Amino acid sequence: MNTVVLPDEVKPVMQNGVPAIVATCSADGIPNATLISQVYYVDRTHIALSFQFFNKTIRNVRENPQACVALNDLQSNTKWILDVQYDHSETEGPIFDEMDMQIEAIASATGMSGIFKLRAADIYRVESCRKLGATTASSGSS
Amino acid sequence: MATQSLESLAEKLAQKTAEVEVLRHIASSINSTLDLDQIYRLVLGTMDEFFGFRHSIILLLEDTDTLRIVASHGYEDQPLGGTVIVGTGVIGTVAKRRRLMRVHNLGRQRAYFSTIRTQMEEAGRTSELSEVGPVPGLADPESQIAIPLMIKDKLIGVFSVESREPRSFSDDQETLVSIVANQAAAAIQNALLYRAAEERRSELAEAHEGLRQLSETLEHRVHARTRELEEANRELRETQAQLVQSSKMASLGMLAAGIAHEINTPIGAIHSNADVERRAIRVIRDVLEASALAKNLRDDPRLTRAFRIFDDMNRVTLEATERVIEVIQSLKSFARLDAPDLELADLHEGLDNTLTLINHLTKDRIKVVKDYGELPKVQCYASQINQAFANLLTNAVQAIKETGTINIATRQDGAYAVIKIADSGAGIKPEHLDRIFDPRFTTKGLRVGLGLGLSITYRIIENHHGSINVQSEPGRGTIFTIRLPISRSA
Amino acid sequence: MIPGKILAFLEDKGTVGVSGTRDRNLVPHIHYVSGWSVEPDRRAIRCSIAEPYTDHLMSSLDDNGQFSLTIEQIGSHETYQFKGDYIGSASLTDSDLAAHERSRERFAKVVNQVFGFPEDICRAYILRPSVVVRFTVREIFLQTPGPGAGQRLFPPEEKQ
């Protein structure tokens, strides 16, 4: 099991509001790539994705915990590729509360309180982290 | 490199020191005032001046589900008075969860959710959507920090700062906002409590004044009511006395009628017999005078004396029976038992009948002088008027201790009959004059019926739309003057 | 065959594309797409990928041939995912470059509008491709966030 420490510079990229990409693979080997609105920074070795609807991504990681996350930093023209492993789901606690609160705030402001409800915060362990720029490529430290 | 690091550290230290100083200044300033508006200005103004938070709002919890904006800074159209429903939007969610929230890229997040909303509307799933009301604050915020204002576990409001920049607020800024919000919460709570205490004090003072005025009003009312009750009581007693008196008079009248009837017959017989006896004696005298045989008898002194005794006795008997007959007539006339209620009555006859009835009180002691003028008959309740005369004449008699005079004068004065009854009795003290018609007033002790006579007289005259007044001087006697309308239509 | 509406979307509306593969260990990989076009038979799609994003691409495709392509229109969030079987790689043609230019221009304009970034920076974000991947579309899914997300559009889902 490989775990890397996320560089400090990746945290604001997670919060820049540009959609990220998550790729998963089912147990029978079919890849799935989808865009998501937000990746949450948990700590230096973990990220979280919101589980609101039981979609393909959620189903896949429960069959096959391996996933790939791509973060877009338009400002500096870079991308961050994170190889992650689904670790567990949280339905309470500070991470869940923060995600839930944010979803509730925006959903209630747009009249969709009943539609968006956080079922769980899926916690992923970061196994690798590399930065892809126009001219450079660097990786995180283990 | 080391120098640069040191410089950088020194710079950071200086910045932190400045921040701490500002925080200390804020704390000191807002805790030195109990004026809410001043607290708001200090907090919001300082946050902008020193930390660059250009758009900020303070909301207070108005009831369990509404927050109201009480202060704002940096908004073109001040959203004072605007409300946020607890649980709606960033501010409402912070109030509901009672946790700080820092959000970025609000515009993009809102756009994402709005896209989904549009799709749901197009898919006909509008029933699952709720209405979105206007949100106070910036129309297009991108970043926001909202923090609940808490006093222990109690939420009193929310403090919010906004920015149009997507990633305005750092961890440090979040910490600053938290510190200021905590200080502000305590200061606002103190000011609210102070204001509530002042309002309460003012309310109590108003209530106290109200009570004082009410108490005064009540006292007046009680006094007025007491007077009313006393007056009503007096009237009741007068009416009761009058009723009693009328009842008595009615009973007396009936009694008088009964007595008169019973006495009339034997008295009539006695009177008639005495007359017959007188005529019989005359016959005996005539026979003796004409008879030569009775010449010796006529000059017999024993016979002469016997005739004389018989003449005297017979005369007394006739006078006595005539007197009794007269009294009975007066009594019947006084009671007016067989007369209609309202009638044209001869007041002189009433006065004379009354005098007859009290003759036993005036005889040999009090001289009654009558000065009757020309009086037409007066429309009145004769029995009541006679009662009034009786009360006044009885009082006059009782006022004269040894010997004295009662003067009765009558005259017509326009539409009125005027009757004056004057006595040469003890007179009435000046301090009693105002009260003599009061049913409770008496100088005769507590005998039943006494003290009511003049008040009844007053009431009788009043009922006849007349008037009665009194003039008196101690030691010089009393004059009662009655004015009665001759006709009730006068 | 790819339905006409989706064809039109690919041609005129799609602004950003990403692809996914998986290796022999079922580890998924992301490959940014620089451009795409539908082949005349309307069953296969060509998508071009730039060099920095080709890690694990060929090895995964050679291993199992599984490929997914997701195209989104930024702004409306209209999104489709195409899952299919790798046909083979190809050299870059003028047509591929033209497709790349078109999608890059669209991307630059809309990102500038939506996110406010300068167009030239946005344009630089979509790198010139170096390789073309061809795959036959097996399934098309609606990925637009909302009520129908995850619904299979092609072949149509059986009504239950």
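Every chain is named by a letter (A, B and C) in the order it is written, and numbering of its residues begins at 1.
In this text, contacts are C-beta pairs under 8 Å (C-beta built on N, C-alpha and C of every residue); 3 or more make two chains touch, one makes a residue touch a chain.
Owing to the predicted nature of the structure, the values given are computational and were not obtained by experimental measurement.
Asks: Tally the contacting C-beta pairs at the B-C interface and at the A-C interface, and name the larger one.
Replies: Counting C-beta pairs in contact for B-C and A-C gives the edge to A-C.
Asks: Of the other chains, whose C-alpha centre is the longest way from the centre of chain B?
Replies: C
Asks: Taking the mean of the CA coordinates per chain, how far is chain A from chain B in Å?
Replies: Roughly 83 Å separates the two chain centres.
Asks: Can you give the whole-Å distance between the Cα centres of chain B and chain C?
Replies: 95
Asks: So the centre of each chain is just the mean of its C-alpha atoms; given that, what is the distance between chain A and chain C in Å?
Replies: The separation of the two C-alpha centroids amounts to 21 Å.
Asks: If you look at chain B, which of its residues touch at least two other chains?
Replies: 108, 112, 116, 120
Asks: Send over the residues of chain A in touch with two or more other chains.
Replies: Chain A, residues with two or more chain partners: 17-18, 37.
Asks: What positions in chain C touch 2 or more of the other chains?
Replies: Residue numbers touching two or more other chains: 115, 145.
Asks: Which part of chain B faces chain A closely enough to touch in the complex?
Replies: Contacts found on chain B: 87-90, 92-94, 97, 99, 101, 103-110, 112-114, 116-117, 120, 128-132, 135, 166-167.
Asks: Can you tell me which positions in chain C touch chain B when the two form their complex?
Replies: 76-77, 114-115, 144-148
Asks: Would you tell me which residues of chain A are touching chain C in their complex?
Replies: Residues 17-19, 21, 23-25, 27, 29-35, 37, 53, 55-56, 64, 66-70, 72, 74-75, 77, 79, 81, 83, 132, 134, 137 of chain A touch chain C in their complex.
Asks: List the residues on chain C that touch chain A in their complex, please.
Replies: Residue positions touching the partner: 18-22, 25-30, 32, 52-53, 64, 66-70, 72, 79, 81, 83, 111, 115, 117, 121-122, 124-125, 127, 141, 143, 145, 149-150.
Asks: Residue numbers of chain A touching chain B in their complex, please.
Replies: So the residues of chain A touching chain B come out as 12, 15-18, 37-38, 97, 101-102, 104-116.
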